[in-house]
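Both complexes below contain chain A, partnered by chain B and then by chain C.
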Partner chain A sequence: MYTLLIVQLAVSGALMGMVYALIAYGFQLTFATSKSINFGQGELVMLSAFFSLTLIDSGLPYWLVVPGGMLFGAVLGLFVERTAVRLSLEQKGEGWILLTIILGLLGFSAAENIWGRDDRPFPTPISSDPLHFFGIDVTPLELSVAIGVLAVMGLVELFKRKTLLGKAFEAVSADRDAAQLMGISATRTIQLSYGLSGLVAALAGILVAPITTVGPTMASVLILKAFSVAVVAGLDSGFGIVLVGLFLGALESLTSFYLGSGWREAPGLVLLILALAVRPNGVFGKASIRKV
Partner chain B sequence: MLTVENLHAGYGTSEVLVGVSLEVKAGTVVALIGANGAGKTTTMRAISGMIRPNRGRVLLDGRPVQDQDAAHIARLGLAHSPEGRKVFGPLTVEDNLLLGAYGRLPRFFGFRARAAADLKNIYALFPRLEERRLQTAGTLSGGEQQMLAIGRALMSKPKVMLLDEPSMGLAPIIVQEVFHTIRRLKETGITLLLVEQFAKSALEVADYAYVMDRGHIAIEGTPAHLREDERVLAAYLG
Partner chain C sequence: MKKTILAVLTTGLLSLQAYAADTVKIALTGPYTGGSAPMGVSMRDGAKLAIEEINRAGGIQVGGQKMKIEVVERDDEGKNERGALIAQELSSMGDLAGVIGTVNTGVVLAGDKYFQEKGITKIITPAAGSASMTQWSKAGVKDLSIFRFSADDGIQAAMVVEEAINRKLTKVAILHDSTNYGVSGRDDLLDQIKKQGNKLQVVATEKFNIGDKDMTAQLLKAKFGGAQGILIWGIGPELAAVSNGMAKLRMKQPLIGGWTLSMSNYIDNAGKNGNGTLMPQTFIEDPITPKVKSFIDSYHKAYGVSRIPSPMSAAQGYDAVYVFAAAVKQAQSTDTHKIKDALEDLRDPVKGVIATWKQPYGKWDPANEQTHEAFRRAQVVMGMVQDGRVVFANKADRQRLIKEAGK
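Here is the complex of A and B:
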């Protein structure tokens, strides 16, 4: 029975870890094309969740709320690119770091003013009654998180491999100057990557909201975990990000069981420090570590 | 087809080009030779929009393009195969070629079918690329990467092609192969501006040539004319 309990904890934790992986994947997308990331991504997740909650309150069915919320996230991503990233990249500067943080703070204040400071439940039609697999309980809600994450990551990867636009995306990631010589607009591609990044981050918010509730601070912890996952896995391996996400999620769940829930955030931090100590370059890449 | 008038360009505050003028007529091969640091590559980069010229004009098929960005100039029909080849290492050979035709292919689906005939032509010219079409470009040898870079530029069906140092870092026998390819392209009537450090080989294939020195054109003329010029003989053909 004891082993079963451990497996149970690991599985539940790992399913949550998928959310970290999805947010980290959003970092990967923009880093690949522009070597920049949105440091206000957590607020983007939160704003998209609030927006989706408003859609639900307005009576829209859940199956329309999900794409609606994702679209909102994509628009926010485009907005971040236009206002905080493009100019500083054109000047080959590092201004995007500060600007994306500031945009995040603005988003946070906006959320407090529009939706208030309280955490609110996020209603979902997906059941929380556990299903039993070989003695382990998994709720459909947890499963929906895993399926949603894998589905959207799979679709984006398919887009990158099977369409010419996706290949252009890869070309800009590999060599921006050479891509421009092929007639591929680097600016448009970076825009696209920010749109996609916002889209997947919004989905992460919508998927996790029924479990964590929705509030202005809902994503502040999530985003730290996502950073850890992104740094540990490296910013170019989608597969690695899922693995590390699963691992970190399971580890957290076991840690909080054995050491008490106060220690829940410890594994992410330890993993991050270990990764930076052992493989400082294999992750963000040399130059960017200096930048960030 | 391509006219450059009084081009000034450089990096930051240092000006490398101080008034470059040259012309590439349709269907001709023009060589641009000169010592290291004379500004040959910078000239190429300023023409294709990789750096923005400070002054002067670049006319592509009679149309001024010096204020456009590189992606736009490429879509107007200028293919620049850059110094160092710059193939997309993580992508397959075939994907590299398809991206060469990016400007005229559908963005989502059906691009493979649309490009099939052109791919076939490139593979006829470079059978080695067909053998390796599913390999990633980063795993190719230097000579194969050069073939890929040329093939990729040809895929766009350019009005003018710029070819920068195709022999750079290659073994002598591969360099011969590269020049053999350039001669075959010339027979097809390509309009080509060629930058080369192997001045002798470049003059053999060219219809007209310019010699650069410290940021401007020092000497110009037909290859026969240049071969008899004492300055050229002493500096580049010795």
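Here is the complex of A and C:
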């Protein structure tokens, strides 16, 4: 009975952890190619969820809403790259930090004005009636999150390894200058990585919306957790991110049970401090070699 | 040229003054956006319905003339700091007859001191946290301009505990959010359990934060502690997360809690998982008498809805305006201090949709907050969620209210 309880807690938490992992994966994609990340990624998640909700309200079936929302996310990602990142990278500056934050704030205000400040339910055909597995209760909705996250990450990783464009992606990630000398356009590749990052963020929004409801602040908690996951795992490893996401989710759930619900946020922060103190490149990160 | 400008300005000023003198200026404050918006908007819309009715009939008879009510609206977004700013602004207006509103207890605590300082009459509705009134009795204030028109958490907690005992529960878990409202609700519940003879054993006391969506850990603690019922204090979205979490964990225990369980953002987000949830209510959207029916119908018609987002907030807003108007009429003045004196000694009964209010308030006594509280146990009933609506949980309450209205 007692082990069942622990497993139930760990599974419920880990499923939420998958969402952290997916958002963290969005950070990882752009960081690999450009060494920059979109600090407004949470707003991307939220805007895509709102857009998908509008699609649902207009009567579109769910299986069309998902690609529609993801396309919207990808376009937003490209927009962020063009307006906030490209010029500052060309000048080897750090302007993208402030610019992506500002774009995020803009997106937040836009959402408040277009869709209002209230949390709204996100209808989905996927059932939320619990299924029973070996004494553990899981809803199909939670399973859809896990499947969606693994599927999209698997596809992106496959794309990076198997296609020519994907190999260019890897080349730019490994060494931008060398790749450029080989005739690969770094700008194009970075653009692609931002598009993919937006797509992943949109999927995260659509998957998590039926559980969290849709509102302007829906991603503000998620994004902080995703940051922790990205930093703890290291920004080089896609599958490291999934592992750390699962671990952090399960740990949170167990902590709030054993130490009390007030301590829920603590493990993420403790992990973050530990990782930065002991392995600043992340648990799964490569040590950076700096030539002097 | 100069003369004409001067002339225009003076006539402008004069007309402004004339305008100010023949209206009763009432401020309606509350969260019209954000998580508490269903309560704030319903309260405002219910109040405006009453104001429209009064104005359509020509206004309130003051002195030799009929005065219309003029409304000032302020959205505090449920944020304490916004509430404090709005209270400062309103209390410096000078010609304000009074204030009606506020949903969040935190906002009451942040703002009401400015009204009290200037002696501006305020009727709090529908904020229910006990601290809203006890802050003044604790401070030993001799003369208070703040009144409440809402079933305070003390009454509600008593009813919640009573319901749990009536259902023959012996072990319960208490869940609450980490805001002022949730924490004081938890204390009220624990207090009531003691007062009602310690018949309930509390097997778990768990809290959650605003914005939390995964309640598995808290609920498992309750489940494995052997809780037969969950007593809860929080607001809409998180309450829905609790109901959905209970469905996931196949917990069939009754969920009983504060009146916030009737908020539309609870009912909508919990869907069928919300069925059977119990909460104290001052008003149920059920046309039991012609007066109630006409109120519900005119609300639906005026705001184009088929369900009032928070029926009891709407009804309380509506009745609060009539109580206030009666005080203006008795005071024969728009002076906020005189209105306060009249409220403390309201001679004519006021017919509202919740009840007929006979002497709802008395002279403020710091030893007894009840002097500025309008609601007693008799005006509150148990409500239950059923298929997206709140209905009477006990048929007897419904019969009683019909009978009382017939008198």
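To be clear about the criterion, the second predicted complex is superposed on the first by the 280 of 292 C-alpha atoms of A that agree within 3 Å, B and C clash if a C-alpha of one lies under 4 Å from a C-alpha of the other, contacts with A are read in each partner's own complex, and residues count from 1 in each chain.
Just so it is clear, contacts are C-beta pairs under 8 Å (C-beta built on N, C-alpha and C of every residue); 3 or more make two chains touch, one makes a residue touch a chain.
All figures in this text were calculated on a predicted structure; none of them were measured in a lab.
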| query | Counting only touches as set out at the top, which of chain B and chain C does A:Ser261 meet: first, second, both, neither? | reply | second
| query | In the superposed arrangement, does A:Leu64 touch chain B (first), chain C (second), both or neither? | reply | neither
| More residues of chain A in touch with chain C or with chain B? | C
| task | Using the touch definition from the top, say if A:Thr139 reaches chain B (first), chain C (second), both or neither. | result | second
| message | On the A-aligned overlay, A:Leu164 touches which partner chain: chain B = first, chain C = second, or both, or neither? | response | first
| request: Figure out whether A:Ser185 sits in contact with chain B (first) or chain C (second), or with both, or with neither. | output: first
| First, second, both or neither for A:Asp175, with chain B first and chain C second | first
| Which holds for A:Ile147: it touches chain B only (first), chain C only (second), both, or neither? | neither
| task | For A:Pro121, select first, second, both or neither according to whether it touches chain B, chain C, the two together, or no partner. | result | second
| task | Could you pull out which chain C residues touch chain A in their complex? | result | 33-35, 37, 77, 178, 206-209, 211-214, 216-218, 220-221, 224, 237, 240, 244, 247-250, 265, 268-269, 271
| Touching residues (chain side chain A, partner chain C) in the complex | 5, 8-9, 12-13, 16, 116-119, 121, 128-130, 137-139, 211-213, 217, 220-221, 253-254, 256-257, 260-262, 264
| query | If you look only at chain A, which of its residues touch chain B in the complex? | reply | 162-165, 167-168, 170-171, 173-175, 177-186
| field | Of chain B, residues touching chain A in the complex | value | 48-50, 69-72, 74-75, 79-80, 82, 86-91, 95, 98-100, 102-103, 105-109, 111, 152, 156
